[in-house]
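Here come two complexes built around subunit A, the first alongside subunit B, the second alongside subunit C.
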Partner chain A sequence: MPTRYEGIFEVARRSFLRALRQPAVVFPSLIFPLFLLAVNVGGLDASTELPGFPAESYLTFALAVPFIQGAIFVLLNSGTDLATDIETGFLNRLALTPIGGRSLLAGGLGGVLAVAIFQTGFYLVVGLLAGASFEAGLAGVPVLFALSLAISLAMGSIGAFVALRVGTSEAMQGMFPIFFVFLFFSSMALPRDLIEQDWFRTIATINPVSYLIEGIRSLFTTGIDGEALGLAFGISAVLTLVFLSAASAALRTRLVRT
Partner chain B sequence: MSSRFTSVAAAVGWRNLHNFVTNPALLLPALLFPLFFFSAFAGGLSGIEETPGFDYPNGYTAFEFAFVLLQASAFGGVFTGFGIARDFESGFGRRLLLAAPNRLGILAGYVGSALVRATMVGAMLFAIALLTGMRVSSSVVDMVGLITLALFVALAAALFAAGVALRFRSMQAGPLMQTPVFLILFLAPVYVPFDQLESWIQSAASVNPITPIVEAVRSLIAGQPDELGVAFAAAAGLAALFTVWAVRGIRSAEAAGG
Partner chain C sequence: MSAAIEVSDLVKQFKKGPRAVDGIDLRVEEGEIYGFLGPNGAGKSTTVLMLTTLLPPTSGRATVGGFDVAKQGPRVREVIGAALQEAALDMHLTAREHMRLQTGLQGLPKNDRGRIGDDLIERVGLAEAADRRVGGYSGGMKRRLDLALALVHSPRILFLDEPTTGLDPQSRTSLWEEVERLARQEGMTVFLTTQYLEEADALADRVGIIDRGDIVAEGTPAALKAEIGQPSVEAIASDAADHDRLAEVLNRFAGPGDCAESTAEAVGVRLAPGNDGLAGVIRALDAEGIELAHLQLHEPTLDDVFLEKTGRTLEGADEGAGPETGEGEAVEPAAARAGS
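And then the complex of A and B:
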């Protein structure tokens, strides 16, 4: 009989392999953020001429955004996979085994982290090859990976919660625009102090996604910035805690319901 | 035009519009997404106005409105393609082909409903932009030109998406309808005037048929019509090209038996 940890490992392995076996799902999550980055760099490079802009190159400034977009894709893809497991009855069958539904949750998040490591390396290499600076230097590389994983874990927890609540892959996919609203109404395109519209700056300031972006961005534009990194790690931890607890509760409800 | 054609077109168009207006899952995204893009672009990036070389006289809100209006028009057309794909996937399209005495009327009905959708969304967007203080310097004639260009874009996008939907007859073709339209729109001068674009994206924008249309709509909002001939030729050319594509698509659906 597998132990709980063996069960979690097997489910994580299944989750990672499942992602790799769906190139139509994986490639857009790698390529789409880079395409948007290229368009934004081409279109918004002029904003580096604004007084007080924190980087000489817009590429360096904007390279943080694909990491967050990639994490949102992780959220959607892992949530959709979990919703499919609910639709096909896999979750119910797993709940009858010694592995249990909670292992599916933990294992699914393990798969999320494996995908996130791959994405982080890919965006970093492409960004540096395209000419971006990385002010944090070699010491910043593990910090970047750690922060990117923390953000992906938070996003994966949100995805798991939503999937367990909605229960269908179609509804999960329908959530796509909602998550992108948070990204667009953040400091993704300009630093908060250079946003002219007060209402937009206020939304960007209360939007936690701004701080996730600024944490990653600080490694590219400033170096090791304790405040920006602390906020990004802290917000990721709070999001993970809140949504993982909510997902556990939703899992209990769903298993009772079914 | 035969009465059989018009009766089929009217029936299909009415059904599509009825579905659009009465189904919140279709209506709300169509109304909310353009507003979301408009507020995100015009609100978050208004600092671009201060960059050297930005010389649009009516301000950044009006500058971005032109793009978002065309984007909403194009995506109204694409979403109509989704409706066609769904109808054919569910078998309704096959029954339509059997029942309709003139099958080109089916295509005309779908495309007509896309134009009405685009008009509704465009009118709402216009009203909200004016309420939020967008400066418009157009004469009545400029306004007619602006609306005509937006409808041409909706027409071309609807015909393109219809051609794809009628060939694949499955919702899985959704990315094939959405992605090219997204790419061609974002490879135009989205955030800054053409002269301020970076080299590679300026090269792409210079051969992009959407570029003269976006620039013409901006010039019409500013009441300084410019290069309208090129814009109308590009819009009419796209519509003509995709009419052939869509008509061949319905022949393809006929040959496959729906």
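And then the complex of A and C:
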């Protein structure tokens, strides 16, 4: 019987290899967020003139958004991969080995994290080359990676749960607009206190995605901001806990091996 | 001696669906190739999913390798290998990477994993394609890899769910040879589902014929066919004027209660047991000076057995078959949905 870590490692390795070998899936998740960033920076640069705007450059302010978009792509891609495993019977193949359900999920998320590390480095380097500031300095780099991974883990857990519930890759891909609605109704374009519309500000305030963005953003615009980072890490942890538990239950229902 | 597989009154009833398996009993001995023959939707895959622990039975009892499938799932999985209906492979991985994953998850000793994987790849004839991604493989290559993956932990019992469906004749023959080798040389017990008569006939030591969730016949292919009766002979005279004389001669060889049946051209008769069979017919026709344009001996087939037991042929049975393994069900486990 394999050790738990061996099983997780092998499943994670497979998940990472699979992601790397689908450039048509990986490249859009790298390029699309940067493309949207360029459009936003071009159109909303004047926002920096607003009194109380927290950054001198809109690029520095908005650079947090690609990290969250990348994590949402991670959610969709990993969820689609898991749904494909269900459709093709590959999940049954894994179920016939001694690996446990939790190790199976953890392995899948391990692959997600490997992709997330690559994405985080890519967005950071491109952002800095384009002229963004990083107020947290060198000490903030590991914090940025840790938070980005925590957010990707949370998103990956949501993806696993949804995939196990819907069971088909088509249905999983159909979720794309739903997840992006959360992004658009957040503080992605403006700080919450500068949003004039009450209803929009209210939604952005109760939307957990706002706090994930603000945690990442604080490293670029403020430095090490304990409150913003605490909220972002905390929300990521809660999302991971809730959706990983839900995914475990969904896996037990879907895979009723005796 | 305990059987490799023993099933007693096994039932699978899907929610809001059909009773896919309706109280079957069967026993498969160690080292035997057991062919589970039936049309689409008969209950074959549902049975395999239950025996491989991927689907809990509604009632009844089944042991595989001496372990109860409902209560000792992990122990059952240790002793079985399974290649289910669709080759469950990752199109983005190579054969060697599949082997690494499978040997790792089966917990084989690290030092042996590479060797065992390479040996199996070699044995199923995929050595040259071992580092190519599976997405580019033919159907036969995928099936062979699927089989190799099922063998990495040297299981005692192998389940193959319609392993040759969709394969070309060459790939089919090559897979048959490998299955036969596993049983005859390595003593592996093989439980094979199929909808192909010739596959069950060629490979299986014993055959169970399942229809609508029930086993309608069971035995060796020869015994099942013998139950149906003697072979029949069909002949066409070279000279149409000899047609009636041909019928008269063939009638002598008919069994009790049978008589030769004539069409405009041909005459056919089911031979009575205990006579000289085809040789006797030929001698009699020769003695009468009847020249033949065509002479054919029809041995009973498993399709005749199916027809006798169900009133339908295997091919025709597909149309009236219900969904199998919960196909069309709203909420069923992945395991159930994967098979059909």
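Keep this in mind: the second predicted complex is superposed on the first by the 253 of 258 C-alpha atoms of A that agree within 3 Å, B and C clash if a C-alpha of one lies under 4 Å from a C-alpha of the other, contacts with A are read in each partner's own complex, and residues count from 1 in each chain.
By definition in this document, a residue touches a chain if its C-beta (ideal position, glycine included) is under 8 Å from a C-beta of that chain, and two chains touch if they have at least 3 such contacts.
Computed from a predicted structure; not experimentally measured.
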(request) Consider subunit A as the common anchor and indicate whether subunit B and subunit C clash or fit when overlaid. (result) fit
(request) For A:94, decide between first (touching subunit B), second (touching subunit C), both and neither. (result) second
(message) Looking at A:42 after the superposition, I want to know if it touches subunit B, subunit C, both of them or none. Which is it: first, second, both, neither?
(response) first
(request) Check the residue A:122 against both partner chains and state whether it touches subunit B (first), subunit C (second), both, or neither. (result) neither
(request) Have a look at where A:17 lands relative to subunit B and subunit C in the superposition and call it first, second, both or neither. (result) second
(request) Answer with first, second, both or neither: which of subunit B and subunit C does A:182 touch in the superposed model? (result) neither
(message) How many degrees, to the nearest 10, separate the directions from subunit A's C-alpha centre towards those of subunit B and subunit C?
(response) 90
(request) Could you say whether A:50 touches subunit B, subunit C, both of them, or neither, answering first, second, both or neither? (result) first
(request) Look at A:194 in the shared chain and tell me whether it touches subunit B only, subunit C only, both, or neither; answer first, second, both or neither. (result) first
(request) Report for A:145: first if it touches subunit B alone, second if subunit C alone, otherwise both or neither. (result) neither
(request) Please work out how little space separates the C-alpha atoms of subunit B and subunit C at their nearest point after superposition, in whole Å. (result) 17
(request) In the complex, go through subunit A and note every residue touching subunit C. (result) 1-3, 6-7, 9-11, 13-14, 17-18, 21-22, 85-86, 88-99, 167, 253-258
(message) Taking the touch rule as given, give the residues of subunit C at its contact with subunit A in the complex, in rising order.
(response) 52-56, 69-71, 73-74, 76-78, 80, 82, 84-86, 88-90, 92-93, 97, 100-102, 104-107, 133, 149, 333-335, 337-339
(request) Please give the residue numbers of subunit B that touch subunit A in the complex, ascending. (result) 25, 29, 33, 36-37, 39-40, 43-54, 175, 183, 186-187, 189-192, 196-198, 200-202
(request) Would you pull the subunit A residues touching subunit B in the complex into a rising list? (result) 28, 35-36, 38-47, 49-50, 174, 177, 181, 184-185, 188-190, 194-197, 199-200, 204
